[in-house]
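Inspection log for the structure reproduced underneath, given as structure tokens.
Note that the chains take the letters A, B and C in the order they are written out, and that residue 1 is the start of every chain.
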Amino acid sequence: MNSSAGKIQVSSEHSVVGNDASAAATAPVQQPLPLAFINGEALIEKPEDLFIPPDALEVILETFEGPLDLLLYLIRKQKFDITVLPIADVTKQYMEYVDAMMALKLELAAEYLLMAAILAEIKSRLLLPKRSDESEEEEDPRAELIRRLKEYELVKQAAEDLDLQPRLERDIFEVSVSTSSNVVPIRVEPDVSLAEVVLAFSQAMKRAEAFEHHTIAREALSTRERMSMILDLLNNTDYSPLEALFTPEEGRAGVVVSFLAVLELVKAQLIFCVQAGPYAKIHVKLGAHEED
Amino acid sequence: MKKINTAQLKQLVEAAIFVADKPISRQQLKDTVLNEFTVADRTLSKILNELKLDYQPRGIQLIEVASGFRFQSLDALSPWLSKLWQESAPKYSRAMLETLALIAYRQPITRGEIEQVRGVAVSSNIIKTLTERGWIKVVGHKEVPGRPALYATTKEFLDYFSMSSLADLPDADAFENMAENSESDPTLKVLNEAPSK
Amino acid sequence: MKKINTAQLKQLVEAAIFVADKPISRQQLKDTVLNEFTVADRTLSKILNELKLDYQPRGIQLIEVASGFRFQSLDALSPWLSKLWQESAPKYSRAMLETLALIAYRQPITRGEIEQVRGVAVSSNIIKTLTERGWIKVVGHKEVPGRPALYATTKEFLDYFSMSSLADLPDADAFENMAENSESDPTLKVLNEAPSK
């Protein structure tokens, strides 16, 4: 895009680009002198013969972003003041370009033809004699077009400036630093409320009607907890003394719970007890009694 | 809340900005790496400023863009650094840049409004490319027949062009003046409701 | 071949290591960013050494790995930096909650027994998730064919739910009655709303 912009620039300054074709291309649309236009009103000399070498023209024409862009180019090239848009003159030049585009069978967007119609309309309104009875507020028919041209020029400038703005991948590069190998993503576990657990339990139990409800009574629970704790304390290989399973600090109730838990575990064949003789110390171990 | 000394805090903030995949904001720093410490806003600002200064003479710089802080290479080194990649940076057409500029300056704006200013149709491809790059997004729909989408630019757009806010756009003043003038001038105001296409 | 002063050279080498996607070797540096300059091996080594020292007190370090040089965050900062990649696990399914509840209320319990109550198979994933969270553990094996594992809840489970022992587990029937009544009794309504952690 820089190169094409450059081309417009060069031809608008009427300088020779170094090849005859492009120099010639600028010739036909040149007007003798800006002085020839007064008030934008009409009387001008006939343009010089229109000869546009197709190759060169095509390059120029294709760089236009639309009718407003083309109009701006024509205005800037002739150093016209946008605010006193010499409509007849610009219209004529515009039509020359549009004709050239058609001749070259360039894809001619409808917008170019629409602009031609707008220009023709403005021109004809300017030619009409002013009616005295009409209010003085009648606006200059060129005003809207001038506003649009100014606005488009601003956008064009903004686009060029945006392109100059330092940008990633072209002018600046993002820094990437790796983490040391012991950085691992942290997983946040979901929150669970106790109410959810309790409800889940009663729902599961409701579905399984086979289960008797008394098994979930509070007392059974602490026995069951003690059963888990005892299983956790014991292992498969070594015997532990039975009294290691009791915590005197818990008082009588605690000892009873532990004793019940041991009985339950023996009944469930999860642990077994051995006693060397009467009144000897009882030892416990994980696993069931082996039947002899 | 634990405390952390300023030297460690600075190392942590520095490393976090370096290893984060995207620019990281003050708030994100507080919500992640700093969340178990009590760090005053002033302290954090001071640290960020110090880091900026620390890197001033170096080959990379700490800068603040729209979505936060990032380290980036020195602008001046780009001719050599670009040799690290086989492909050259993408170039954007005038049509694309003009469309992007209009969305940036006039947001929220419809495609029809862009076409009106540019005087030509905006190809769907341009809108698609800009959307895919994450530079523009639909922020709503205009309550007119057809309910056309309203486009605006994103933080990623500002990040990409090294800006921290829309106020950093070049020519922002010119656009503002243009908008003001057309509003204060009654003749032009009527003309503003331009013949729609 | 052009010359470049050492300060600029250092900036360039530093920035190149920073912006490269992978570790970069001495040779790669010479072939890319440095390819239009005459840089002696000794100079390059000196620069790399200097850079290593420059970053010693900082939050990131220049290190040399098999394929070249790269910057990486300080080991000691990892516990906090990890938070940059924080992800939330999905909420627990009903199957997960029921399994947990059954283990809590009926421990020690085998997987088969849970399946018997629930009427459906308990996926290994559920057991794995609850075990990894540290809420359940194997406390023994039931002496039946196959010696299935017996599951029980852990101390962490009690801690999480602020209970000092399983005796604090609410009586499920009573709890449900309360929940039902609370619809008419505003004072109990609070119980319905799960205590958020």
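In this text, a contact is a pair of C-beta atoms (placed from the backbone, for glycine too) under 8 Å apart; a residue touches a chain by one contact, two chains touch by 3 or more.
Everything quoted here is computed from the prediction, not taken from an experiment.
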| item | value |
| --- | --- |
| Centroid-based (C-alpha) most distant chain relative to chain B | C |
| Chain centroid nearest the full-protein CA centroid | A |
| Centre distance in Å when chain A and chain B are each reduced to the mean of their C-alpha atoms | 11 |
| Inter-centroid spacing, chain C versus chain B (mean Cα positions, whole Å) | 32 |
| Distance from chain C to chain A - Cα centre to Cα centre, in angstrom | 28 |
| Residue numbers of chain C (touch at least two other chains) | 15, 18-20, 60, 71, 73-74, 77, 81, 83, 86 |
| For chain A, residues contacting two or more additional chains | 173-175, 177-179, 183 |
| Complex contacts: residues of chain B adjacent to chain A | 15, 18-19, 60, 70-75, 78, 81-82, 89-95, 97-98, 100-102, 104-105, 117-121, 159-163, 169-171, 174-175, 178, 182, 187-188, 190-192, 194, 197 |
| Interfacial residue positions of chain A with respect to chain B in the complex | 1, 5, 65-69, 109, 111, 114-115, 137, 139, 143-144, 147-148, 150-152, 154-175, 177-179, 183 |
| Contact footprint of chain C on chain A as seen in their complex | 173-180, 182-205, 207-208, 211, 213, 215-218, 221-222, 224-225, 227-228, 231-232, 234, 268-270, 286-288 |
| Sites on chain B touched by chain C in the complex | 10-16, 18-20, 24, 32-36, 58-60, 71, 73-74, 77, 80-81, 83-84 |
